[in-house]
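Two complexes come next, and they have one chain in common, chain A, joined by chain B in the first and chain C in the second.
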Partner chain A sequence: MKKTDSEFRSGPIPGVFATVALGLFFFVPFAIMLTFSFYHKIPGGLYEPAFEVDNYLRFISPFFTQILLISTGLCSLASILALFIGFILTYFMSRMNKRGRTLWLILLVSLLSLSEVIIGFSWSILFSRTAGIGGWMYTLGLLDAPRAFAPGFGALLTALTFICVPFIVLVMFPPLTRLPKEWVESARMLGATPLRAVITVVVPSVRPALIAAFILAFIYSLGSYVLPIMLGKPRHWTISVHITDQALYQANIPFASALSVFLIVTALSLIALISKLQNRFT
Partner chain B sequence: MPRLQIEGVNKHFGSFTALNDIWLDIPAGKLLCLLGPSGCGKTTILRIIAGLESPDSGKVLLDGNDLAILPPHRRDIGMVFQSHALFPHLSVAENISYGLRITGISKSERLERVDELLETIRLPDAGGKRINQLSGGELQRVSIARALARQPRIFLLDEPTSALDANLRETMQIELRRLQQSLNITTVVVTHDQSEAMTLADLIVVMQAGTIEQIGPPMEIYEKPRTEFVANFIGATNMLNCLWDGNCAVLGNNKLNIKSIADSSLTRGDPVKVSIRPERVELLAANRGRKPDSNQLTGTVEFVRNIGNLVEIHTRCENTSIAHTYSPQNLSTELNLREGDAVIVHLPAEHCLLYSK
Partner chain C sequence: MTKKKLGLQSKSRRTILSALAATTGSAAIGFPMLSLGQNQSLRVGAYGGYFKDSFDKFIFPVFTEETGIVVDSIAEPTGQAWLAQLNAAAAAGSAPADVSMIAQSPMLKGQKTELWMPLDESKLPNLKYLMSNFVHRYPDGRLDGVGAVAWYTTLVTNTDVYPDAPESWDELWNPENKGRLGLLALVSNSFLLEIASKTFYGSTDLLDSEAGQLQALEKVAELKPNVALWYRDEAQFEQALKSGEIPMGQYYHDVAGLAAADGFPVRSTFTKEGGVSDSGLWAVSRASKKIEESHIFMNFMCRPDIQTLLSRMVGTAPTVPRDLLDLTDDEFAAVSSSSEPIIPRYDIYDQRGDWLAQKWSEMIVA
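Our next item is the complex of A and B:
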């Protein structure tokens, strides 16, 4: 007898496929990386099998502690800014008519389709001395001489915030559009100004989504590679850039592996936290 | 208590006319019901009073002062939304005290006021509950308490009992009326339920398609509906298609005298409608060789039902079905009628109302 669609869905095939795919594309590479992270580096770009925790101990050196602090600090700051901008943008989108909402969603989704290289290049032009903001500010008499803002912390922060905003909007859009408009209206009837109504009613009501959006933006910016290279100075490099630097330029595969393991564990812990929070609130 | 006036308010949404030249005067301490089918503009009036919508033209006056310059949060108006709009992230007590906190009232005073209100709505132990733990009736009471916490000058309710089941709805209507009378607060209620309007209101405003059809005390609206729409909308009525013959209405071969005729523009042959409430119709036995008198029609009983507190009999006369109702307690005075019985239907002239088409 022919199997129905639902029998296929409830059968073993989807589970087996998911397990194989996850094993092949995630657990195997992760296991290899984890193994390599305990290997011993031999000067000259080679390594030998070993079990040493030296690569992990390097995390607590002042140099790498600083890298981790800058990396997490920069990404947290960009995520908070993106959350702030994204929340306000989505709140106004949720109050638009259907046409306005759709147009904004298309615009934001098309931003996601741009590669990080194009975004980084656009911002580097905008922050350049001759063609960008520095030049305009000089023309307007705000600066004594034209100057470039990139590379620099501000330029990198701006671009990271920019690439995170669409993710925030995509996470915040469903809960904010579902939020009954009477909630804000009833807060207003109870004496709250529009801003106060948003802070005391809207924000607490969508708190789980706000946390999820922040964590998503944080993980995404932590993995950013092109923007820190194009718009930041070496001291602003994120952990992804350092992984590449260690693997390709310093030829230190074991240490690059250890850094990658750290990045993955951090990201996975945050994702676990999201689902835990969402389960608690729904 | 302040007096609320609405003067010449118009409102359009795109090409749709939501309100067309609305004039209302709500005396201090009274309860006014805006009654009408959905889409007739009643909620729009409420939202304009609240400041959640602004009129295209016209004014809303509170004690003679124009409210236009005040945003909703400064109007000092309490409003209960159809969906209750209670905040699920706050407890019952926090919901009730939300407005008091915004106003900056001290914590001790807030607690005292919340306890007082929980007593008033007869939920003294519900303060610590979450909103999703409340039943429909409790949600309703909490949203009323929250709207009244700041002792507003005007109290607005949008379809306050529409989410409740029939029994609870009646209980809530009585509670609401008692509360409003004890607080003596000027109140506007929006409803599409005519029995709710009859229970609650000092004044009923019947609306249709953005205009006011009739304003008056409940019994006046019931007894003397000014238009066919009002007669049909408030309570059940028999609406008979007749012709005007110069001084009375004609149904088939029968003449129907009408006591008061408001419309003087009628000419002979005009189609008219005669309305009479089922409880005003009288049935007489037809088996004693009795000839129909004026305003009496011969007919045949086609349907009888007894729903406990009411017996309803439908009689077919002149190809028209006429409903008659009576209370079964008066059974002795009524005929024991069955389907198929011949009967004389009396439509007393003083209870017949005439509407030109």
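Our next item is the complex of A and C:
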């Protein structure tokens, strides 16, 4: 953050552009959503302009608390796993020659071009009883009977982790490749094992990037709608699924807006909390 | 008739305009003016994907050939999103489509804001052919919709896993089917409350009262252990049904029939309680300016020979009685059934939609 400030502070244009872009693509839609969230839902109809907090009061209930906990819990877990896998992957990429790095980067970026639907379908087949690991494990004698692993928590967590890994790599790649190789070598010469060198030298030097990567993955997975409905059981449906149900199937735009505002506020608070903790420890 | 009259009025002016448009390349500016004179046109919203494609291919060309009215078809999203768009546009005085295919519950929702233009029955002589459940009215009796497409949701099974066809919807509750079902995920599209009421309590009258609705919800909760997948999107379940991954569930009769015709081990059964009959209606946005054309279109769609064509080519259940249709027994059985259907209780979703949806979510998420 601070580095980009000094790099870009070359004139008023970048600042103006950033303000306009943020206003146009975030604050304006957010303001519209906020307005709608106070509208009145006509029973059996659509909505009418009003100012009432009923839509917010409605999700102060065990049901929506549970959904929020499941959504944030599931997405945090997926982001942590993705961070772990992505970090290791990027670390090894950073030690490859240029050609190897480029190939890996192309592979990971091309994963981003796959739609969530395709990714969801692929994982649901891989976790199926008839054509996936549930059947293979039975054939190998590891299971007494073929079974399906999707829909289920494991399947959903795997797919969410999968879609987050490329983002982690994209964020971690620049700092890890820029990290002087001598630092790790010095640690090794002083007697540290490779693992210890990574944990005590590499991780602390790229900690801000790690946190940024985690936040990006977390926000991205929180918005996922297709994967939870394809790979999760109803109790794993995230808040995004419930927002879609309200907006598209119940035509309850005010309540869907209220849920969305709540989701954004929750996500922003979590980010603020993480940044605050980060500042305290550095 | 009107088309010809309009066509003759300003021929020379139109020709000049047309030449101008062609030479200057300003077709984009010229076209709207032209379309007012030469061709009458109508923007028709149909569910995007299969329905729109089939209508574009088999139905709209016939209509254009007969009437000269060019159909500009618009892919509309299913669910309630289109209703919200039409409503917002009508408030601003515009209509993204003149005539739209609208499901039953958005139809009722649209009535609350007078979104639907009241229709002139004298301009719809073919209305007399329709079965009564395909004629939709405002509470005060004004006509606002005519049957567009109808379809059945039935009990489907994979024939490799179930050699014998099930006879009753109660198979969904059979403990032997643990983890084997694919059911629709929402209270307002699965109609499982209606299915449970008809199967276990004789009729959907059970749903008249809140106590009855809760009783039906409890009954549906009993089948939860049997459900492998609560689906929103057809494709999700169809694949699993064909492969036998999820060998039983509720699905669309016509699509299951198409899969079976393609050689997949899939069967659709009208159980003794009946299939669930759901439908969409044609309705006109009050902001539409194409009142005349809309009536001509809707009158056309009510004709028995067009309903025959629809059943044969698009696979929808007819909106007119069987005896008016020129369909063979097999063709009729592929899209419909003469057994008494389970008709969804659209009224309860209208009156208590939010409450039912909330109870339903709590039930399946728990």
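Just so it is clear, the second predicted complex is superposed on the first by the 234 of 282 C-alpha atoms of A that agree within 3 Å, B and C clash if a C-alpha of one lies under 4 Å from a C-alpha of the other, contacts with A are read in each partner's own complex, and residues count from 1 in each chain.
The definition used in the following text is that contacts are C-beta pairs under 8 Å (C-beta built on N, C-alpha and C of every residue); 3 or more make two chains touch, one makes a residue touch a chain.
For clarity, every value in this text was computed on a predicted model and none was experimentally measured.
Peer 1: Touching A:I229 in the superposition: chain B (first), chain C (second), both, neither?
Peer 2: It touches chain C, and chain B stays clear.
Peer 1: Touching A:A148 in the superposition: chain B (first), chain C (second), both, neither?
Peer 2: In the superposition, A:A148 contacts chain C only.
Peer 1: Check whether A:R196 is in contact with chain B, with chain C, with both or with neither, and answer first, second, both or neither.
Peer 2: The answer is first: A:R196 touches chain B but not chain C.
Peer 1: Quick check on the superposed pair: does A:R129 touch chain B, chain C, both, or neither? Answer first, second, both or neither.
Peer 2: second
Peer 1: Looking at the overlay, what does A:E185 touch: chain B (first), chain C (second), both, or neither?
Peer 2: Touch partner of A:E185: chain B, not chain C.
Peer 1: Does the superposition put A:P49 against chain B (first), chain C (second), both, or neither?
Peer 2: neither
Peer 1: Does chain B (first) or chain C (second) touch A:P12, or do both, or does neither?
Peer 2: neither
Peer 1: On chain A, which partner touches more residues: chain B or chain C?
Peer 2: C
Peer 1: Taking the superposition as given, does A:W237 touch the first partner, chain B, the second, chain C, both, or neither?
Peer 2: The second partner, chain C, only.
Peer 1: Chain A residues touched by both chain B and chain C?
Peer 2: On chain A, the chain B and chain C contacts do not overlap at all.
Peer 1: In their shared complex, at which residues does chain A touch chain C?
Peer 2: Interface residues on chain A, with respect to chain C: 41-46, 63, 66-67, 121, 128-131, 148, 151, 229-230, 233-235, 237, 242, 245, 247-253, 255.
Peer 1: Using the touch definition from the top, list the residues of chain C that touch chain A in their complex.
Peer 2: These residues of chain C touch chain A: 77, 79-81, 83-84, 87, 106, 108-109, 112-113, 179, 185-186, 188-189, 228-233, 236, 239-240, 243-245, 350-351, 353-354, 357-358, 361-362, 364-366.
Peer 1: Could you list, by residue number, the parts of chain B that touch chain A in their complex?
Peer 2: Contact set of chain B toward chain A: 50, 52, 71-74, 77-79, 81-83, 85-89, 98-99, 102-103, 146-147, 149-150.
Peer 1: Spell out the part of chain A that touches chain B in their complex, as residue ranges.
Peer 2: Against chain B, the touching part of chain A is residues 180, 182-183, 185-193, 196, 200-201, 204-205, 207.
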